[in-house]
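Both complexes below contain chain A, partnered by chain B and then by chain C.
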Partner chain A sequence: MKTHCYIERYATSDMLPTDIKALIPDATLRRRMSRFVRTGVATAMCCLDADSESGEAIDAIITATGFGCLTDSEKFLRNVIEQHEELLNPTPFIQSTFNTIGAQIALLRGYDCYNVTYAHRGLSFESALLDAAMQLDEGTARRILVGAADEQTPSQHRIMERMGCWRKHRDGEGAAFLLLQATPTREPSPCIEEIDFPETRLDDDTIRRRYAVEQILRCDTPQSECYPTAVARILTQAVAPAAGKQIRIAVCNNYMEAQPSVIVVSC
Partner chain B sequence: MRIAVTGIGIVSAAGIGKEQTLATLRASRSGLVAAPSHFRTRHALPVGEVAPNNEELARRLGIRHCTSRTALLGIVAASEALADAGAATTDNRRTALVSATSVGGMDLTENFFPDFIRDDRSGRLRMAAHHDCADSTIAIARYCGIDGFTTTLSTACSSAANAILVASRLLRHGVVDRVVAGGTDALCRFTLNGFKSLQILDPAPCRPFDASRCGLNLGEGAAYLVLERADETRNPYCLLTGAANTNDAFHQTASSADGQGDYLAMRKALETAGLSPLDVDCINVHGTGTPNNDRSEGVALRRLFGNEVPPFASTKPVTGHTLAAAGGIEAALAVLSLHHGEIYPQLNFTTPDPELNLVPVTRYIRRPIRNILSNSFGFGGNCTALLFSNRP
Partner chain C sequence: MEQIIQQLKEQLIEALNLEEIKPEDIDPDAPLFGDGLGLDSIDALEIILILEKNYGIRLENTAEAKPHFYSVRTLAQYIVSQQDK
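The block that comes next holds the complex of A and B.
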């Protein structure tokens, strides 16, 4: 789908300070959060905080995660097994819900707007982005917070190792959030121009021709951290302040050699 | 642009397929059983279980490989919906699948995990491979021959309602021409114990909105609607005229005392349809039977409708609370209710809650319905309302 989503600002988990108290001031809330939820929420807050001077409302919060809250799911499952279904602590069960990050953002900021979570393996973030693009294009939303997070855990790593996933890829994790707008606050602003789902993985020449791009960023290089929503972080790398003239970049995802996607961004 | 419902597929404790489901509802029967039978658990709690076990479901579908129960249930419902719409996925209409699930393949993972935690070299990998939410969606798409856009939503108990909302957006934007939208969830130890640990499971059949209500009963199932642009269809069931998702922004699991999220979702759904509360003839309420949900939802109903709350009922005493599938199952029931001009009664209600003084429909009624609301609320303050309308 062709679109015009201007990237007003973004934050990634790599940009987080070591002490996130300022981002999530409520100590009880912070303590209950697993590392995954804490990282995701803090990254979202980081993206929003940079925006605090604008004072404008957010019209939608759309989050994405390939595997969700693995640590909490595993913790609760372990307790069920080891404690023979008795005297279970509900906290990890509550926090294992896939929409926990989006819900906590709404809770912390009192946002009553549209708030959904996509959990569709390697295309979770693209699904969230497509939803955001449709809302910005139809004018039902002007500013949307879109983000993604996935965590690496010892069990997930070990299981995927046994499946042979790490022969060609390097495991990883991370969170990235973007604030998208229908109209740019300043010119020039990086702009997502197309979200496409080609049937097969396309080679560089085809991508250059089909999407009229000058540069290609791939999520599946041997150096890249490989997790279902890594594409969100790669997208922020594409729009990181670049000197000089405006170019078109294709961000290509093909998580575990399945379901390719192409996000075209001009910046 | 108007969006039409052209097909329905449904499986739950109330039956497999539209006809069995309608027979159960019209006869005021419950599909609940005294305890789960498809998995081992020490909790003898009433649940809305789909009768056939995995082997029987797989045989019925001609599936031979390891498949999660979530996917099996989803395949039963999605293929019925496509057949009901008379839709051939081989025609040139681009078909999408927007599916919702909250447990994914957890029913298999929880059988893999005991071996794995004893020794991380053991446990059959094929049972861990279906863990994520996307797995059931991809299995359904493959079985049904859906090769267009495919995605999965997971927003707890409002998931499938959100899938239907997103489907209407994909159609409005011309991203696709037809969407199979809904959700699927299988009962498993993980969720049964999760809700047990939250102390919101009623050891008896649930009693939504009743003064004596003290919790919910879990259920399993799947339901999908086929949605298309109205001007490209002939004789649809009805139109999806309104849809809204809002957030209660109050608590991770509890709903607010003023039912703000519930209220906003219903109000915005009406706004998107350009209708007023007086146009609503019936509501399939979320009505889980927990003291908290029904109080918030009841307050929201009073805020929106005042003293003119339309006839409403919760179908959860029949199906159990099917979590991510609930929004799909209840949307399908709302569509059937509208189409056949009938209101399915709520079971187990005897005494109104003095705080709310709301009385659901407790007997099967036949009457024409113009517009029906279907409410679905979930953890994380996630609130969704869908509005279905007969063609004007």
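The block that comes next holds the complex of A and C.
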């Protein structure tokens, strides 16, 4: 799909301060959050806080996660087994849903706008991005917070190890959020120009020709951190301020060799 | 009584993940909900589980039990009264 989504701002979990109290000031919400939810929400807040000067509201919150809240899900399931399906703690159950991060962002900021979470394995972030792109292109939204987060837990790591996943890939986790706009507020602004799902993994030469790009960033190299929504963080690397002339970059994903995707960005 | 109060404080901190609070920070006579510790309805469910799992107290009528949930001390008194039965 061809599109024009301007990236106003972004934040990643690597940019978070050690103490996130300033980003999530509500102590009650904070104490119920697992490390994963805290990281995701704080990253979103970091992206939004940088935008506080403009004072403009956002029209949609679209989040993506491949695995969801694993820590809380594991805690809840362990509770079910240990307690013989009785006397279950409410907090891990409430927090284990896939849309916890999106919901907590809305609660913290008081946003009652469109709020959807995509959980489509390795294409979760691309699905969220497609939704945002369509809304911005159709004019149903002008400013959208799009982001992704995935965590790694010891049990999930062990299971994937037994499946042989870490023989070819490096494990990882992280969060990244982007504030997308239909029109740029400054020139030049990084712009997502295309989101595509080729049938097979394309080699670099084909990508350069087909998408007319000068640079390629891949999520599926042995050096890249491998988790379902790693592409969101790689996308922020593509738009990180770079001196020099404007270029087109292809961000390529192919999580666990299941379904390739290409996001074309000009910046 | 004092021993149950201390035990309850530790159980509340663990179950409700009150990570910035130490047992000595909790005033046993301060309200648990609203002011004081500022707990809410989800925390009330967690406290019901503490009573059931740790003290074998099953609440049949939550409306009647409401006054016992006022503070750590009233909760401890309720536990002692139920254990004496």
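Points to keep in mind about this one:
FYI, the second predicted complex is superposed on the first by the 267 of 267 C-alpha atoms of A that agree within 3 Å, B and C clash if a C-alpha of one lies under 4 Å from a C-alpha of the other, contacts with A are read in each partner's own complex, and residues count from 1 in each chain.
The rule we apply is simple: contacts are C-beta pairs under 8 Å (C-beta built on N, C-alpha and C of every residue); 3 or more make two chains touch, one makes a residue touch a chain.
Given the structure is predicted, the values throughout are model-derived calculations rather than measurements.
Of the two partner chains placed around the shared chain by superposition, chain B is the only one that A:Asn115 touches, whereas chain C remains out of contact. More chain A residues lie in contact with B than with the other chain of the pair chain B and chain C. Of the two partner chains, chain B is the only one touched by A:Gln135; chain C is not. In the overlay built on the shared chain, the residue A:Thr28 is in contact with chain C alone; chain B does not reach it. Look at A:Arg78: by the touch rule set out above, it reaches chain B but stays clear of chain C.
Touch criterion not met for A:Phe36: it reaches neither chain B nor chain C. Of the two partner chains placed by the overlay, chain B and chain C both lie in contact with A:Ile94. Residues 89-90, 94 of chain A touch chain B in one complex and chain C in the other.
For chain C in complex with chain A, the residues that touch the partner chain are 15-20, 38, 40, 42, 45-46, 49, 52-53. Residues 1, 61, 66-68, 73, 76-78, 80-82, 84-86, 88-90, 93-100, 102-104, 106-107, 109-121, 123-124, 127, 130-131, 134-135, 137-138, 155, 158-159, 162-163, 197 of chain A touch chain B in their complex.
Listing the residues of chain B that touch chain A in their complex gives 41-43, 102, 104, 106, 109-110, 113-114, 116-117, 120-121, 125, 128-129, 131-135, 137-138, 149-156, 162, 166, 169-170, 172-173, 175, 189-190, 193-194, 196-198, 244-253, 260-261, 264, 378-382.
Only residues 27-28, 31-32, 87, 89-91, 94 of chain A touch chain C when the two sit together in their complex.
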